[in-house]
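As written, the chains take the letters A, B and C, and residue 1 is the first residue of each chain.
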Amino acid sequence: MSNRLRHLTTLENLPRETIERLLDKANSLRDQSAHGTRKLDILAGRTVLNLFFEPSTRTRTSFELAARRMGADVINFDIALSSSSKGEELFDTLHTLEAMHLDAIIVRHKVSGTPEELVKHAMSGVSVVNAGDGNRAHPTQGLLDALTIRNHHPDFRKLKVAICGDVRHSRVARSDVHVLTAMGAKDVRIVGPSRLLPTEGEFKGVTLHEDFDEAIQGVDVVIMLRLQKERMASTDLPDEAAYFERYGLDTRRLARAAKGALVMHPGPINRGIEIAPEVADGAQSRILEQVGNGVFVRMAVLCEVMGR
Amino acid sequence: MSNRLRHLTTLENLPRETIERLLDKANSLRDQSAHGTRKLDILAGRTVLNLFFEPSTRTRTSFELAARRMGADVINFDIALSSSSKGEELFDTLHTLEAMHLDAIIVRHKVSGTPEELVKHAMSGVSVVNAGDGNRAHPTQGLLDALTIRNHHPDFRKLKVAICGDVRHSRVARSDVHVLTAMGAKDVRIVGPSRLLPTEGEFKGVTLHEDFDEAIQGVDVVIMLRLQKERMASTDLPDEAAYFERYGLDTRRLARAAKGALVMHPGPINRGIEIAPEVADGAQSRILEQVGNGVFVRMAVLCEVMGR
Amino acid sequence: MSNRLRHLTTLENLPRETIERLLDKANSLRDQSAHGTRKLDILAGRTVLNLFFEPSTRTRTSFELAARRMGADVINFDIALSSSSKGEELFDTLHTLEAMHLDAIIVRHKVSGTPEELVKHAMSGVSVVNAGDGNRAHPTQGLLDALTIRNHHPDFRKLKVAICGDVRHSRVARSDVHVLTAMGAKDVRIVGPSRLLPTEGEFKGVTLHEDFDEAIQGVDVVIMLRLQKERMASTDLPDEAAYFERYGLDTRRLARAAKGALVMHPGPINRGIEIAPEVADGAQSRILEQVGNGVFVRMAVLCEVMGR
C-alpha cells in the first residue's frame, strides 16, 4: 500500500485504483460492522477532531459516527473564529491542534483550498480530511455517490449520468464529476439554468445542458443538487414554481430516464423545489442509501489516512 | 417481556406494571452502578442521539450520562433547523439519522406530539424517547418523580399529592398526573391561579384548587412547578411578590402539609418566586434526590427501549 | 500523599513540592502515553464535566483530550445561563451536577473567585479545577509554563524571567508569578505600559518595568501576553504599531535577552501586535511546546484531584 493517501482533500486526479480500494474498504467495513450495528476497535486510541468553520450537522455527525464506530475518540472543536478565518490565524489554530497530538482533522471551510493549505502548513503527521471547501470539493460525498452507483451498476463504462441544479456553486457536483470521470463513466451530463452552469471548459469529458427534459433522456443515474434559495435571484427563473417546472425532478420527467434509473441527492432536499416528494420517497430513490453509505465511506477514508 | 416498550413518548395509558418494572430497573441499575460510580457495559456498541430542538442542558446531560454510564456512544445533534421545524423537514432529518444506523433518538421539541410523529414515520428499528414535547409530556420526569416518591412512600394508595403552579402549560404536571393516577395515588390536587389551571375535565381523578393554603393541607408530597416569568402577565397577580404570597412554598405553608411531606421541583428553581430558599434547601426537600434518580430512570428507559 | 489536592483553584500559596509533584507526574504521563499516542485507562469509568461560562475552545479541548486520554468520559455542559451567572443560580447548577454523580468539574468563569465559591458550596466529593477565573488565576497555564521552563532550565534559582504585556488584567500572569515565586525563580520582571501594570505591591518578589528594552536584558525566559485589542484604548499608545514598537517582541529586542532565551506565549497570538511572526515561529519559540505540555499537565492535575 505504498500509494496510501495520508490526506484526502479532493478527488481530482485520484487514480481509479485508489477510488476502488476505498469503495471496497467501505463495503468491507459495512460487513465487518454488521451494517453499523457492531462496534469495531480499528481506531481505538486514535483521536479525530471535527474543525467545522461552516455548520453542517449531517456531515459532522456522519464523520463522528464513522470515527466512533471504529473506537476513535472524537472532539468537536467549536470555532470562535469568524467563519472566514484564514491565513496565519488558521495555521496557528492548526499548529495548536497538532501540538495536542491529534491523528486526524476533518475540516469544513467556506474558502476553497483551505484543506490543501492545512496539509501544506501541517508540521506533524496529522491527517487532513476535507469535509467540504467552498465551491471546490466534497470528496467523501463524491465517494459515497460512487459507492451507491457502483453497488447497482458495477460497470461504469456503460453509465450515463445527469447532474442537475446549481452546478456552478456546487462542491458536490465537482467531486462527483471527478469520481465519475476517474471511474470511466461513459456519459456525464451537467444540467441547469445557464447562470448556474459551470464555465465552458471547466470540466473535461462532460456535456452542458439547459434543457433537462432532453438531458435526462436515457440516463441511468440522476443526481439532483440542493438549490440554495438565495441563488434563485441569479437565475432568470422568477420563482420556485418556475424553477421546479424547468429543473425539478418529477415522475413525468423521471420516466424519460432509463428504466429503474437511480435518483440521488446529497441532502437535505427541498421538496417541491428541485425534487417532487413522490420521487424523493419513491422506489427509485437512493437518497437514504447514500446517507448509509456515507458512514461506511468515511470509515474507509479514516482507515486509509490513518494507515489502518 | 412481550410487552416491552420500544419507544417512550408519554406515560398516558401506561399500565402500572410497566411503570413498576421501569422503577425497579432504575433502582437495580443504581445498585449495579454503585450509585453511578461504576461504569456498566450493558449498552456497549449502541449509539444514542440527542435531538434537542429546544435547549435543555440539564435534561440533555442527564440522558447523556445515563447512556454513557452503560457504555453507549452519544451524539449531540445540534439543530440548525428552526426550533419550530416540523413536517417533512423533520421527517427527512429523522430518516437521515435512521440511515446512519442509530439505536435511539432522544427528542425534545416545542410542538406537542412530535415524538409520536417520529415513531409513526420511523422506517427502521430506532427507538424514540421523549425528553419533553410542548405542554404535553415529559415522561422521564414523571417516572423520576414517581421513583422519588416510591422510595419514601411505597404504597401510593394512601398518597396525597399537591401539584402547584402553572399546570396549564406544564408537561411535567401532565406526566406527573399520568404516573400518579396509574400508580393509584389516592388524592391528587392541582393548585394554581385560575388562568394557569388546566381546563375543567382535562385530567381525570384530580381536583382543582385556587387556594394553596387549603389544598396543601395534609398532603404527603408537594410538587412545585417552575414559573416561566413571561407567564406572570397572564395571571391576575401583579408581580412576583404577589405570586409568591399566594402560590409560593414557604416554611409556614409547608407546615400545613403532612409531617415530613416531600418537597419536589423539576428544576431549575426560581428562589423566592415559587419556592422559598429555606424550603428548597431544607430537610424535606427531595429536589436533588430527583436529579439523581433522573439519571437512573433514564438508564432504565434506555435499557427498556433498546431491549436490554 | 496525605497532602493531595482535592481541587485546583489557584497556584497561590501552593508549596513547591506539590508543584514539583504535578510537573513530575506530567512528564511521567507523557512517557506512559507515548507522547499522547497511547490511550491510558487510569480514569476509566470517571466522568469529567466542562462548565465553561466563557468560551475557550483551546483550553476546553486541552482538558477534554487530557481526560479522554486517560479513559474518562467528558461531558460538555453548554451554559444557557448568562455568562455573569453567579450566586444561587450558579450553586443550584453545581448541586444539580453533583446530584448526577460527576467526578470533576472544570470551570471557567469571568468572575474572579468563582472556583473557590464552587468548592465552598460543593456538597459531594466532586473535584473543582479552575480553567481560568476573571483576572485572577489560570493555574493549569501556570503549571504548563513552569513545566516548559523546567524542561529547559531545571534550576529555577538562577532563572531570570520577563512577563510582558497587559499584566494587570491577566490571570495567566498572576498564575505565572505564583508558580515562578514558589519554584524560587531568582528574578521576575513585570513589563508593560503603566496603565497595564499591576498595582504597586500586588505581587511580592517581582520588579515592575515600563521599558521593555531595559527589562529584557539578560533574561532566560520571555513570556509575552496576548493584548486584548479593546485594552489598547486604556494605554497611552495611539495604535497597534506604537504598542508593538514599545512592547512587541521582535528579533532585535530578543537579542538583548540571554543567548537562547525561551520565548513563550499562552496563545492565541496576535502576530505583529505583541510578537513578531519571525519570533513566534523562530527557533527560540516554545509556544507549541507549551500547548503540548498543557495536555500532560492537565492529565496530571486530573489524576491528582481524582486521587489516581
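The working rule: a contact is a pair of C-beta atoms (placed from the backbone, for glycine too) under 8 Å apart; a residue touches a chain by one contact, two chains touch by 3 or more.
Keep in mind it's a predicted model, so treat the numbers as computed, not measured.
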{"item": "Chain contact topology (line, ring, star, complete or other)", "value": "complete"}
{"item": "Fitted rotation between subunit A and its twin subunit C in degrees, CA, nearest 5", "value": "120"}
{"item": "Subunit B-subunit C separation of Cα centroids, rounded to whole Å", "value": "41"}
{"item": "Shared interface positions of subunit B, touching two or more other chains", "value": "none"}
{"item": "Complex contacts: residues of subunit A adjacent to subunit C", "value": "44-45, 47, 49, 73, 75, 77-80, 88-89, 92-93, 95-101, 123"}
{"item": "Subunit A residues touching subunit B - in the complex, by the definition given at the top", "value": "35-39, 55, 57-58, 61-62, 64-65, 68, 267-269, 271, 277, 288-289, 291-292, 294-295"}
